Amino acid sequence: METPRVTGNRIKEYLEQGKRFDGRKPDEFREISIETAVSEKAEGSARVKIGKTEVIVGIKLDVSEPYPDSPNEGKLMVTSELLPLSSPRFESGPPRFPAIELGRLIDRAVRESKFIEFEKLCIKKGEKVWSVFIDIYSINYDGNLIDAAGIGTLVALKQARLPKYDEKNEKVLFGEWTNKKLPLSKEIPIITTIHKIGNNLLVDPTLEEEDISEARITMGGTIDGTIFSIQKGNPKQINIEELYKILDLAEKTRKKVFTNIEKFLK
Amino acid sequence: MKDKIERKIVIPGEVIAKGEDYLPGEGTEKRGDEIVTTRYGLAEESNRLIKVIALSGIYQPRRGNVVIGKVENITFYGWVIDLDCPEHSFLPLQEVPKYIDNNRLNELLDIEDMVVAKIIGVTSRGIDLTIKSRGLGRIDEGIILKINSNKVPRIIGKEGSMINLMKKESGCNITVGQNGLIWIKGDKIEDELLVKKAIMFVCEKSFTSGLTEEMNKWFGKEKKGEK
Amino acid sequence: MAKEFKRPDGRKTDEIRPMKAKVGIVPNADGSAMFSFGDTIAIAAVYGPRKMHPQHQQDPEKGTLRCTYSMLSFSVTERIRPGPNRRSTEISKISQWSLEPVLMIKKYPNMVVDVHINVLQANASTRCAGINAAALALAHAGIPMNDIVSSISIGKLDKQLVVDLDKDEEDWEEGEGSTDIPITMTPNGDVTHIQLDGRINSKELKEVLELARRKTKEIYEVQKKALKESIKEIK
């Protein structure tokens, strides 16, 4: 059942006082917990829990032809599935907009940041490059899948090692790995989403809070303030003053999230 | 001499007792001379009747139950209500306390409104509701919580002891729907959230005995923490 | 007895990999569980009974069981494209058939019980791990059932019967090669699911069934323990 309007009204009222139902401040995250090596068949993988929300992200690599307009660069594909297992609200079937959007939000931040050094994934110019597949799955949905997926993606990418490649026969030896890590740049794209409810901004909404979110902005950027991607979602408008506040809050939030996940990004 | 069956967690297919001394109650069935579990839960015996108290599973609607639901749809004859259970539930026009024109049902209860109702009948077609008695009707404000309907007896307590304790300690009005939805309304949001916290606590500890006493202590600590 | 047969990972012929089972791993679900055979890990969640959509699939006589099985793209060494494929569609159906006989959902007409199985990491016997997790999740959800079913893969490597096949054994090539026989049974020994890929004769098949009978009992004990120890995990 969607959050009843009366409860939503109370959430809004309480937010006006700068308070949230679970005792958090509007700029506070729930507890983040991270595990790696969720699947040992993946090149890299991570399980991220934010409060009760849980996602699993896995990285797989393969070798194929590069795109004609970038003959010496590796490729990237980000897919996201909102598993019906993770919520009574998700049904089986082809991905609907929320799943597609989630994949695209993560894709945009990772791709535009050039976090993955694609030129270093070239095996033979014009013929063979590595493709990176990032696959995101929801395991329990209690709000804020986007940020959880963002954290999971970074950790999984950091974990990822290249599989062995048989140059002579031109095939990947799946299941056998080198010690070579995925070439990653130092500019880490932290993905955070700021929500607007009434006149208030908050981060890391629970499911109830997400249900009454009027507008949201997802941003991918570094802790130094470089921004790679922005997307506004949900149907209400945001005025310029609020947008400036959102930019500030996003930067502060990226820094906080980074300190929480830093040790997994070494 | 028959042995007393002790309270224990049982799983489907498990034999709870053998012999002719016992009778199969809810959550069990007789197979030959064995009483076998049909639902995961807590097996209990009283006066030779063995039943399994469900720990999980959907709400079983019963006539007379007070329930809380959301208006899903309005027809010419009444309101379709979502009680968060799979049966179809309907509140007919005749079962409201005042006269409403067929065209103005939404003025009393609109789509998405929450309502406290009572079950007047359960048939193969679904659940029939009324809001004619006192304490029933549209929910105007407050917090609505959803818990597993199997825990409702614990929230209410023996002869209402638990729910009355919560009301007293918080000063809130609390309406518990047998379907697991609970409406909390107080003067301050803090009071409402205190009740919500208390309810979540009871849900987690629902197996322990002496819970009412423990809640007394819990409220004492929580309120001291507030100062 | 004959000299000890050497399995790739050193197990005895009748040895199941270490099993793990836990319920309540998906807070949103009405019931949920994980089950693993060694490094084959499956999770399952149950939602229901609930209203069946689309309406035309409703059965006015009884409740319906719907089951989906899917492997995560990175659960195997060579990536599986996300989305349904022929294999997952077939396993979804046989998983449903393996669980249905013990469910007592006649009294839920027009309703559906949805079971979703996902494999997080695969080293063969994935459908068996999935069914074991699903059986636990159904019980955890409070669905009325006659029994918990338990699933195991029995293998024949050349002429030798083994239990709980892993990937190396699935790829066995010596002699008659590998025969893979996943079986699901109730504690009474009723078979709710059986498949076979390979080559076998009737006498060997009877031995397979005996072996399955014995070994599903071990799995049942693991499942029972997970349910009994789960008190804190009930919503």
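Quick notes on this one:
We call the chains A, B and C, going by the order they appear; numbering starts again at 1 in every chain.
Assume contacts are C-beta pairs under 8 Å (C-beta built on N, C-alpha and C of every residue); 3 or more make two chains touch, one makes a residue touch a chain.
For clarity, every value in this text was computed on a predicted model and none was experimentally measured.
Distance from the centre of chain A peaks at B, each centre being the average of the chain's Cα atoms. For chain pairs B-C and A-B, the one joined by more C-beta pairs in contact is B-C. Computed from the mean C-alpha positions, the centre of chain A lies at a distance of 32 Å from the centre of chain C.
Distance between chain centres (mean CA atoms), chain B to chain C: 34 Å. Mean C-alpha positions place chain A and chain B at a centre distance of 39 Å. With touch defined as above, chain B holds no residue shared between interfaces to two or more other chains. Contact of a single residue of chain C with at least two other chains is seen at positions 50. Contacts with at least two other chains are made by no residue of chain A.
Partner chain C is touched in their complex by these residues of chain A: 38-43, 45, 52, 56, 58-60, 62, 79, 81, 83-88, 92, 94, 133, 135, 137, 139-142, 174-175. Of all residues in chain B, those touching chain C in their complex are 9, 11-14, 27, 38-41, 54-58, 86, 124, 147-148, 150, 203-204, 207. The touching residues of chain A, counted against chain B in their complex, run 1, 4-7, 9-10, 13-14, 17, 19, 21. Within the complex, the chain C residues that touch chain B are 30-31, 48-51, 102, 104, 108-111, 139-148, 186-187, 224, 227-228, 231-232, 234-235.
Looking at the complex, you find that chain B touches chain A at residues 70, 82, 84, 112-114, 139-144, 146, 189, 192-193, 196.
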